[in-house]
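Quick heads-up: structures coming right below.
Here chain A shows up in two complexes: once beside chain B, once beside chain C.
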Partner chain A sequence: MTLVQYGVLGLASGAMYALLAVGIVLVYRATGVLNFAHASMGMACAYVNFELIERYNLSVGIALIMAVTFGALLGIIVHECVFRPMANTPQVVRLLASFGLAGVIQGAVGLLWGRLGTPNPFGHSLLALDRGIDIAGISVPWQRVAVIVAGLTTAITLTLVVQRTTFGVQIRALAQNPLAARLAGIDDRRLQRRVWAFAGATAGLAGVLIVPFGALNPLSLNGFELQALAAAVVGGFASLPAAVLGGLGIGVVQELLVAAPEPINGLRSAIASVVVLVLLVVGVERFFVSTQEAKALEGDDRPAASAARAVVLGPPKAWFAGAAVVACIIAVLSGFWAFVVARTLIYALLALSLVVLTGWSGEVSLMPGTFAGVGACLAWVLGTRYGYPMPLVLPLAAIATVPVCALVGVVALRLRPLYVAVATISLAGLFEQTLFRQGWFANRGAAMTVDRPSLLHGDRAFALAVLAIAVCAFAFVAAMGRARTGRAMWMVRDNPRAAAAGGVNPVKYRLLSFSLSASIAGFAGALFAYLLGTFNTETFGFLVLSLAVFGLAIVGGIRSPLGAAVGAFLFVYVTEVFRTSGSISDWTSVVIGVGIVVVLARTPDGVVGTVQRVAHSMRPAGAERG
Partner chain B sequence: MADELALEAREVTVRFGGLIAVGHVDLTVAPGEIVGVIGPNGAGKTTLLDAICGYTPPDAGTVYVEGTDVTRMLPYARARLGLGRSFQDARLFPSLTVRETLLGAFHPSFTSSALTEGLSLRSSRREERDAHDSLRPLLDLVDVERYLDHRIAELSFGTTRAVELAWLAARRPSVLLLDEPASGLQQSEVRALGNVIQRVRQGGAVVLIDHDVPFVAGLADRLIAMDLGRVVADGRPSDVLEHPDVVASYLGRGQYAEPSR
Partner chain C sequence: MRRPHLRFAGIAVVAALTAACSSGVHIEFETRARMAPTAASSASTAAPVTGGAINTGTASAPSGQSAGLVADAAAAPTAAPIKLGIVLPLQGGQRSFGEPVLRTTQAYIDELNAHGGVNGSPLELISYNACLVCQDDALQAVRRLVEEDNVFAIVNTYVMVVAFQPVIPYLVQKGVPLIQGGSEAQTSDALSPVNFATAPPGAFYANFLPAMATDYVHATRIGITYLDVPSEANGVPILERQLAAKGVEVVDSEPIGAAEDAVTNMDAVVTKMRANGAQAVLATNPVLVIYGRLAADRQGWSAQWFGPAAWSRLVEDSCGVTCDDLVLTETAGLSWVDRDSPQMHEFVDTLARRYPGGELSGHTLAAWVGMQLTVEALRRSGPDRAAFIATLESFSDLDLGTTSPLTFSPDRHLGGTRSTLLRLQGGKYVAVSEPLTYGEASL
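Let's look at the complex of A and B:
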């Protein structure tokens, strides 16, 4: 194929990215929500479309209209039920909630339609798939032409609407100064509802149009979400024309890279990540947004800054006592359940890494799974390839993860929390596309085997070892949290300027929490490798592990080490309960997703915070002591 | 001569684009002296403080704290050399309790590290205990004892101000920079504030910015009046308040604003 032909193919996917990006940018501008579930909403519409055609034998055109309408309704429902109640939370918290929402939608679709919907592509095409027009020597099917035309027309129409109509002016006014906009008589609730309806409809249109070109499954549009986010970043999350061009550009460059020679064409799937990282670090926003609007968009809070009560830390003695109880339980468990307990403890360690980073320092790095993957690969490299013993491998894995994470920390220091979150999503993707596919580091992504030492060969013995290690880590972090370091992290999180005025070096404590968090995660990852025995890097993917860990840490209570333990327990419990009832992960992702949304909207300190508050309110009056 | 001054700022200039927020301003504070800075909105008072503390790097000029050139230092390093600073918004640390906030003030005097604290070594436990013991004298300076286990976010604005002052006093700074400590307070609270400031400074020098001119003039040994990024008058409070440029900058000039006699 020639470059022109690749370019035409690229335009089709680029038009989809553009269409999705326009919805993402509109919603972000009007409501401050960076919606990671945007593509999942489109995917749900694709399923509705599928159902209408397959079961009710509706014509393709009518099904399309109904699916798009469903998208608009879904947008309104999501706005009213999830994001409007959270309007006063920091933007990055709402981003996290949108991960929960994506989990709910994906799980619900999986439950309703099963994971493996494989529609007959011909039955779902609006136009012919097998006939088309000749462009530059290849036949481009009409459906693909339709995708390009429909995607671009819609994206450009919406752009013009925002630039030329009162509706658009109102959106911009709301983005720049919500209070003044309201005082000027703009009905912000109706406006936001309309924007969500628009966004949901365009997501639905994108979902339905994409279907004939790939298999339909609940996760099928997640890749599109990342590309669409990249396109939105090209427009600084503000400019619709730039986002449209960005989407097209990313689509075309991706296809052109397919034609590139061997090492470069591997960049194809990483291109979006690179674009996001570079543009965020350069500060792309300032090209499109006035300083005033940037400030209004920014919001001032880091997450976890104003939660309800004091943090539950627990004295070291309590941790060791708890561990003794768990040890007795492990001693009487079967091998299978001992394995489950060990897995729970490793999840708890991963969540602990987020307690330090997000709970205490207010940084949202969505890479706990990635750092765990680095640790696991190091266990394979050092333990299996170089034959180091486990007691040496674990600390080495913890230490070696720190420089990797320092890179993330340095990027994070330059960005505001919401962008740190987006940048770490991209970094996670970049790691998965590059480092996790190297032969020397990750066995080219194929299976890796790590052998436990003979003493810990049985699952029960290994679970006891994991327990001993985990309790030490928890006691360490809790003791640090109740002393000078913990306080310094909280001060920097709450108010970096005032912390500096008090002689606390904010940069030092941010980097410290990044490093500590990464080494805990790397350590836990290496342990996980030993527990699993055989694994590959897919286990540590962003969508597989990082989101689950984030979810369970939030549900348990992200500011407290106890919350990490409780969250891990609940997560594994839910997983195991629903394992018996057939489809494993669908129910889990619905339950965890709902948990995330409810916790973020209602009780910032999760299960632990709620229990603490209830216990506190039942205490007799006057018994208040700290 | 220079090393006898608690604070010395020479020729400090801060520009925001084309706007000169602070232009060639000199500010010297002797040990134990209270210097009041007054001026209308936009005079450059807070910007001057930010330049002294290091939040806004000055485009030109030098800043000395007790004779040490701090012009290239980060804010936290300046704080450790003896600069204490309060903020206009008095936000402090919303999710920390008053006790945690005050303990946090002793941060620079600790020798423990994350490692020794995590391992609960005896040395770091002792330091922590010592810090708890040091809270007592602070509570004698500022009456916030009954709020010790309340979070800052739950406190009234006035109480937060009081906690902020105790937080400053904990480090015994050689120079206290107070940015509008009286703003947002009730009149009765303002009257008490002067006494609190006298107690909290413990002999240290104070730079006091506020709109409440009688309050500043009553407390200050020396008064500096700023307007449009420049010092228009510097001297004894009574002299500065009668300076024609000061009167003009507060009341405006021209036919509608003849100074009343």
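Let's look at the complex of A and C:
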């Protein structure tokens, strides 16, 4: 097999990424939304296509047109209902909302079509899958040729539209200077609606064309999302032709890696993550986007910078008093509910790690679950393999996590928050593919067992121990918030230059926040391991844990330790209440997804901030301070 | 990054496919005609036992005697309900993995209760949601079932094999039985004192697949492709070692990161294996069989593909005649769908009535088999956990009519005894061997 043949196969694979990347770039450029739900929108369109062919016996061509139209409508709905209300929120918050949106779409599709079992998409391909055109001795299926043609045609068409039409000029004007564009009479709402319609249509086209190559289920296209994102990064999230070339290039590199010997051939899944990391760090955006446009897109990108009210810290006495109450409750709980309390407290600790990092320092890391996984693996290594006692394992796990996070900190210092978020998603993937597969560290991904000390075998005893640890951590963080360190972090978050002028070293405090955050997460991860007893690294995956922790921290209120506790409580108890199956509970994931989006859109300070605001507004005027 | 959602698919597939792993014990392909009763079976019961039908009346069949169909003895259950618990992904995008299992289990119970329940006691199913790999979530759900709802046993959670890693030790501690149709993944604790499954023992990786390569496919140079998840990847070194011991050269071993990699990369994988001189390809996952065979067909390569892929009709539906001449193994009993047994008719008819739209798949049949086994044991033991477990361990050559005869013992909680090799012909599975016994490998 020649390299040319691998190249041909790579182009065929890369075309799939390119087709999805086009829609991502278009939306980002026009609206500043990095939409991780793009592939899920395509998946929904594939289901519509399936339904039209199966139930209404439409031809595949007619069904394709209608599915693409549905994609356009879905794009408009997504814009109007989700992202337009969030127009003034930081980009990272909108990125998180797009994850919530993906969950909503997948949940809704699962409910609407899940009862059908596993439909066979192979019969719904537009063109033949098992026959194709012979290129350099390789048979490329006609359907894949269609994907290549669709990707290139869509990119070229949209590029021409952006470059040559009034519509395109308006998009560029809006991207470079939204205020000036509005003053010039551009109807930004209408324009963005059209952009979302275009993007939704491209998602629909991609879904209908790509899904027949694989299985049709609500998660069908999720795996393509990161590859498409990497392709979009190649174009700096701005250039449609570069994104298409990026997609094709990633496809070619992946196929060439197949030709490599073991174990290098197993690294092709990591290519997208590496591409994203490298290109973000070298600042590929600057080749495609003017400084002015980059600033306009960036806006106020720090997730916690917009809130002006004071952070709710709570005096240490209050934390200890609250802990005493919770301890009394634990003492009378059943074993099951004591377990639930312990789990809640561990989630609260994980969320606390984000309060320090994101809420106070303005940095973004979407890998708290990864750090927790590192802590859990260290608990196995130190506690089980080397026999260290739990009181020694926990602090060692916290300390040993710090060097791991240094890598993230170094990358993060070079990037703006949205790109840090994207980079940490990629880094989380790399950790999962490398460190979490090592035999010495993670038992090659198989089950690991850690034993609690005999004193803590009981659920109530363990919950009380976790409570004691958690309240110390919360009180420490709250006290730090009152001290110079906390104030310095806030200064760096709100205005790094002013902070530097005031003698505060931004780099030092950013790295400190990363280290402290990772330590808390690593500590919580080790506790997590002792809670479970037997575990593996799958449970610390990005989509499994990190996203949940970030979401609950945002919902509770990411600037406040109290918000972390409230978010964890809501997360664990709401899912517990609606754990049963039935007509109402079936919609739980959809409702939670919608709820997260609404909270993100309407109350960026989360539940705690909202309560604080309401309480503040109800105070008598005379009670106002300052 | 890794794609956990696609790992879910792999995990679910693997969970439905693989038997527990063991070290290299010789496997015998032994036809039914040549089979002799094992020591365990001859010690416990002299004759095969049939059972598993819902409509058996309310009297429990004595051990060792036929419990086949009897005249309709429908009566309203009178005794207190026996609670069973089930934990599955029932919300969000993973719902499609859990819903067929839940609805089939519920269909069985509804039908059973309509016929008088078990010894006059209706069954009550309490179902909770947990995601496929969320171990803390699954443990919390199971603890609620056991401690708050006081269920008698947990059933049919085999798609949750990763999430259940911390659950199994908990169930052992509490003495709560876990009964599943289908199989455990090779890396899980299938031999825990409370955990019963209906897949055959004998380790696909260590015994059955290498034997297929030499004794049935007759290949001396093969390529291996597998999903790069721990449950499959950790078995590959065992597989390679056993193949080498049999004189089979592995010319290429290709990890596939996730299902979309199979979609995008399989053409290159196939072409590389072909260039390396593979005579056959062993794919450890049905998804890889489908995409690999399709790619091979496109590239005009007629190598034999084989692997444990018969759990689902997906291969038939998706690959059709293109996959003709594949060698597959029967694992979750799906090849028995066409079996003309009363129990299989009961399964098909009940599913049609109580689960409209439910497909006859490995998932639904495995769920049905799990309930057959649970109820068969309950009929004999009553709702006493120790007696229930002892009853399960006493089954020998139990013929449920929907899967291979089951034999359990205190040392053996994977009950399957035989497997049939299947080949796709004209787009449909056709049995190409007598039921073959697995080696009696210690797990």
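By definition in this document, the second predicted complex is superposed on the first by the 587 of 626 C-alpha atoms of A that agree within 3 Å, B and C clash if a C-alpha of one lies under 4 Å from a C-alpha of the other, contacts with A are read in each partner's own complex, and residues count from 1 in each chain.
By our rule, a residue touches a chain if its C-beta (ideal position, glycine included) is under 8 Å from a C-beta of that chain, and two chains touch if they have at least 3 such contacts.
Given the structure is predicted, the values throughout are model-derived calculations rather than measurements.
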| item | value |
| --- | --- |
| Superposition on chain A - do chain B and chain C clash or fit | fit |
| Which of chain B and chain C A:Leu9 touches, first, second, both or neither | second |
| Chain B versus chain C as contact partner of A:Arg385, first or second or both or neither | neither |
| Chain B versus chain C as contact partner of A:Arg189, first or second or both or neither | neither |
| Partner chain(s) touched by A:His457 [first = chain B, second = chain C, both, neither] | neither |
| First, second, both or neither for A:Thr575, with chain B first and chain C second | second |
| Superposed arrangement, angle subtended at the Cα centre of chain A by chain B and chain C, nearest 10 degrees | 160 |
| Touched partner set for A:Phe224, first chain B, second chain C, both or neither | second |
| First, second, both or neither for A:Asn495, with chain B first and chain C second | first |
| First (chain B), second (chain C), both or neither touched by A:Ala483 | first |
| Broader residue contact with chain A after superposition on the shared chain, chain B or chain C | C |
| After superposition on chain A, the shortest CA separation from chain B to chain C (Å) | 30 |
| Shared chain A surface residues [contacts with chain B and with chain C] | none |
| Chain B-touching residues of chain A, taken from the complex the two chains share | 304-307, 309-310, 316, 476-477, 479-480, 483-488, 490-491, 494-495, 497-506, 512, 516, 624-626 |
| Residues of chain C that touch chain A when the two form their complex | 1-9, 90-96, 99-100, 102-103, 126-131, 133-137, 139-141, 143-144, 147-148, 162-163, 165-166, 168-170, 187-188, 228-230, 233-234, 253-255, 257-265, 267-269, 271-272, 275, 287, 291, 294, 297-300, 312, 314, 317-318, 322, 357-359, 361 |
| Complex contact set, residues of chain A against chain C | 1, 5-6, 9-10, 12-13, 16, 103, 106-107, 109-111, 114-118, 120, 122, 129-132, 138-139, 141, 210, 213-215, 217-219, 221-224, 226-227, 251, 254-255, 258-259, 262, 265-266, 268-269, 272-273, 334-336, 339-340, 343, 425-426, 428-430, 432-433, 437, 444-447, 449, 528, 531-536, 538-539, 541-544, 575-576, 578-581, 585-586, 588-590 |
| Contact set on chain B toward chain A in their complex | 53, 55, 74-77, 79-80, 83-85, 87, 91-97, 99-101, 103-105, 107-108, 110, 112-114, 117-120, 124, 127-128, 148-149, 151, 153, 167, 171 |
